[in-house]
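Think of it as A, B, C and D in the order they're written, each chain with its own count starting at 1.
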Amino acid sequence: MHELYMELFNKLGIPEIFGEITWPIIPFVCVAALLIIVVLFLVLMERKVLAWLTIRKGPNRVGPFGFFQTIADAIKLLIKEDIMSKDTNKILFTLAPMIVFAPIMVIYGLMPFTEKFVAINLAAGLFLVFALSSLTTVGIVLAGWASNNKYSLLGGMRSAAQAISYEIPLIISVLSIAVISETLNLSDIVDAQSGGISYNILLNWNIFSWNIWPAFIGFIVFFICSIAEVNRIPFDLPEAESELVSGYNTEYSGMKFALFFLAEYSALFIISVLMVTLFMGGYLSPFNGYLSNILFQNIIHNQIILNIFVHFEQAFWLLAKTYFVILIIMWIRATLPRLRADQLMTFSWKFLLPLSLLNLTIVAIVKYLLNTGNI
Amino acid sequence: MVLENTIQKEMIINVGPQHPSTHGVLRLIMTLEGEVIKDTKPVIGYLHRGKEKLAESRTYFQYLPMVDRVDYLSSFFCAAAYCYAVESIAGLKVPKRAEYIRLITMEFNRISSHLLWVASFLLDLGATSPLFYAFREREEIVNLFEQLTGQRMMYNFYTFGGVKQDFPEGWLTKALDLCKKMPKMFDEYEAIITKNPIFIERTKNIGVLTPELGIDYGITGANIRASGVNLDLRKPCSYSVYDEINFNVHLAENGDSYDRYLVRIAEMRESVKIIEHAIKQIPGGTPEKLKMKKVNCNCGNENCGYCGFDSQLTGKKANMVVFKPPAGEAISMVEAPRGIISCYVISDGTTKPYRVKWRTPSFSSVQVLPELIKNRNYSDLMPIFGSLDVVLPEVDR
Amino acid sequence: MEYLEITKEILVETVNNLKNAEDKQFNMMLSVSGVDKQDCFEVVYHLFSTAFKKNIIIKVKLERENPIVESLCGIYSAANWHERETYDLFGIIFKDHPELERILLPKDWIGYPLRKDYVLKDERLSWNER
Amino acid sequence: MKKLINKTFSGIIEIARGMFTIGKHAFRPAITLEYPEKKQVFNSRIRGRLALTTNKDGELNCIGCMSCTKVCPCGDLIQIETSKGENNKPVINKFTIDIGRCIFCGNCTQVCPKDAIIMTEEYELADYSRESLVFDIDKLKISPEKSDQRLKQRERDN
């Protein structure tokens, strides 16, 4: 890819140095484009799914089946007046949405969407993902404080308390994955989940070697914590609509609100991708090998074209699993009422934390026995 | 020590008048310590329309459409309270068929009001779906009302001495069909809500209204029945024809938000049974049958089931322009979905009422709110305030 | 309609008796309403007994010039807001009431609207324009 | 400990039951009525905009008895001015209804001795100014056929 890109510059007669400078920007452009598309689709999906579950029709006016509704909404938000009340802390008020949004965008670069489509492939990727994801809370607390509004302040404080208590079981449950795969690199974690449990037919399917089976309790804990992490019902206390009006983003409007909105939905997407990557085999197909390999092997003999097909299939599997997870999260949103702040803490500290520790113990014992060959 | 004194521990927060969960325009001035409510002062009157003053400048019939607007969710009950009061001053007798029509419409109104309560209560707690399901059922009831009275919300259907119109043809069959469908729908709500661990966690032992406190504050209706006080004006019957119908009064023990929910769900099921029972024994039967028999009857007997007094819609038809009850006064009490609505009418013998006083149940419910939410978490405001089933126009009148 | 008409001096005593007597137990206060009888004011108390399911109406006549009556807040908590409402609309003053101020109308409202001599189109009352 | 495990499992089962019930609704037809395109079908008792009926000659049925103005709860909403024409027959000079203030209670239609004022099923009455909502005779009058049809419908209902 790099050579191809450089050749383009040579042919156009532009000095190669510009190519070298612009080359690192390309992944970020891709990531940004992906993020926008994902969010636009996700908002529409959320509205449609909620509409189906509540026997309504959902957006259906702008474009066929309302496909362009979110685009229209985005344009509306962009051209809206940016209101800032008199007593807000202007610098922090402007900075807060950026602090919320920026880390999530970086996490997009860390995710292995296919085997090759990883913008930044780090040895300690998992570590960085969680380091960055906890940064968004700082932005939310800042937004709550800078708004100079009591509801916003309460929302910000709740968000901080919630983040502290939910990061811990989340990370301990992820620790078990690191124990199983013996690595912190996200691509390697995915690769470690291939191969099945035996060489027999059917049992060699990838689905049987997903991390979800040994760390099932960990998966449940991760699932609950990730819902809390992205502030969705039943854990949407920071913006609890009926209590705090709209929580930390009460005072925001226009583009600043759009950034919060964007961050919220991209966080939802990325946490689901993370869940799929860690527990459900990431971009691997659930079967033994890729479908395109099996189906087109005899028709297409060119290995490069076949590889492109495989890449697309990997992206497909990842997205399919991710949207399945998102669908369940939306389904939960339609069903459950909201928890109270202190119940949320109790649930985290007294229930999820012991459970995640139990999961770590089980995984460690299983791993030890496997390594020593006692099973 | 010094630092502790300088930090202001309490925060005054202003909930409302525009707030997503105050069900209208109620303002609560709250003193919070962290998220714990230390003190609450409700401020009402944002919806005051001067209903009592309006009555003084209008005739009895001119005031009749206005009473529907006292409580827009249970219009029939307000109209019934006013009609019963004026009827007892004027000495008008209500035919049995009219009473049955009143009973059926009132019970349907009770169901629709409770359905809206379930919807808004769950919305306050954060669950969105029951709102739409409850509105689907409410829509069917409202459609029935529209076929009967011509309006979906402000019915203006009762008149002094009876009701204005008979059921349209086929209405009773539709009502029975709906009654058969309803319990299944209630089962569905219960599957979503009743045993949901988060719902139980949010409402059990929250906002406990002891019987003593409730009686002291004059709380009535489902709120006091959830505390175990058997106070239902329908049994023993003090108005209408409830004594001819078998039904149970549902009570609960703890008086918390969860019990109020259980009592209201049970009341909806009971109302369905009451309607089914009432439709079975309505004097004169269905409107089609009544019309046919009336033509052929001609017996002139007072006790005839088809052309006698009991199958009429209004007793003595009052002239709308010059209706003049004799001087006197009366208090009527009606068991509305939210509690006892009572209407105190004084007549001085002219065409206009001298004084009309409304006693509305939500007024007391708002009054008891500061007691219930004292020293509770701010998040508990919604399960407590929502469960009291307050309708603000009724508070302010 | 049957009612009990008493003087304002014995109001608290009577109501106390009605509430505590074993065979009456009027333990719930449903409403307090004022009536402007042209020559005098009347305060009408509507009490209810949850044990016997009976209600009773007590009327107290007050002179028009200086309508003061003893507050029942000590006996029924419900009386608090009902008496405030009566004060708001009639200007009847309840002695020993914890916070006797306007409840339905704005704090700066002039006059007591349910009195019969209340002038509807008084210029001072154009509250909206103020 | 045992209690906790019990609570956990029953909680999971109940949440699953709730989610299943919600999930069932995804396969039910939507109850939405897409308003401007599809409109609700009302029955004949619907209380919509007020209208004045006419007899076969196209003249108003109204005799100017002023009953409707006396029972209207909104004060001076209906304004009628009459004068005596030939053979002592009343002539309606002015008949205006301020629809913007009308609460559609139906009192005027019930009190009318000649069924001169009725309610139609028209309910979309929004306009840009309050003045244009004050309807005069020309706007209120409906054709003889239509009034005949409405009156017959009303008779059938009662």
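Things to note:
Just so it is clear, contacts are C-beta pairs under 8 Å (C-beta built on N, C-alpha and C of every residue); 3 or more make two chains touch, one makes a residue touch a chain.
Just so it is clear, the model here is predicted, and its values are computed rather than measured.
Contact with subunit A and subunit B alike is made by D.
Most remote chain with respect to subunit D, judged by CA-atom centres, is A.
Across the two candidate interfaces, A-D and B-C, the one carrying more C-beta contacts is B-C. Centre-to-centre spacing of subunit A and subunit D amounts to 52 Å, using the average Cα coordinate of each chain.
Per-chain CA centroids place subunit B at a distance of 24 Å from subunit D. Between the CA-based centres of subunit C and subunit D the separation comes to 40 Å, rounded to the whole angstrom.
The multi-chain contact residues of subunit C, meaning those touching 2 or more other chains, do not exist; every residue touches at most one other chain.
Looking at subunit A, residues 53-56, 334-336 sit in touch with two or more other chains. Counting only residues that touch two or more partner chains, subunit D has 15, 18, 22, 25, 31. Listed by label, the pairs of touching chains are A-B, A-D, B-C, B-D. On subunit B, the positions that touch subunit A within their shared complex are 11, 13, 19-21, 35, 122-129, 131-133, 136, 192, 196, 198-199, 201-202, 377-382.
Residues of subunit A that touch subunit D in their complex: 51-57, 60, 331-332, 334-336, 351. Looking at the complex, you find that subunit B touches subunit D at residues 58-59, 61-66, 129, 132-133, 136, 139, 146-151, 154, 156, 164-166, 168, 188, 191-193, 195-198, 320-321. Within the complex formed with subunit B, the subunit A residues making contact are 50, 53-56, 150-151, 154, 233-234, 236-237, 240-243, 245, 333-343.
Of all residues in subunit C, only 1, 27-31, 33, 35-36, 44, 46, 48, 50, 53, 55, 57, 76-78, 80-82, 89, 102-106, 113-114 touch subunit B in the complex they form.
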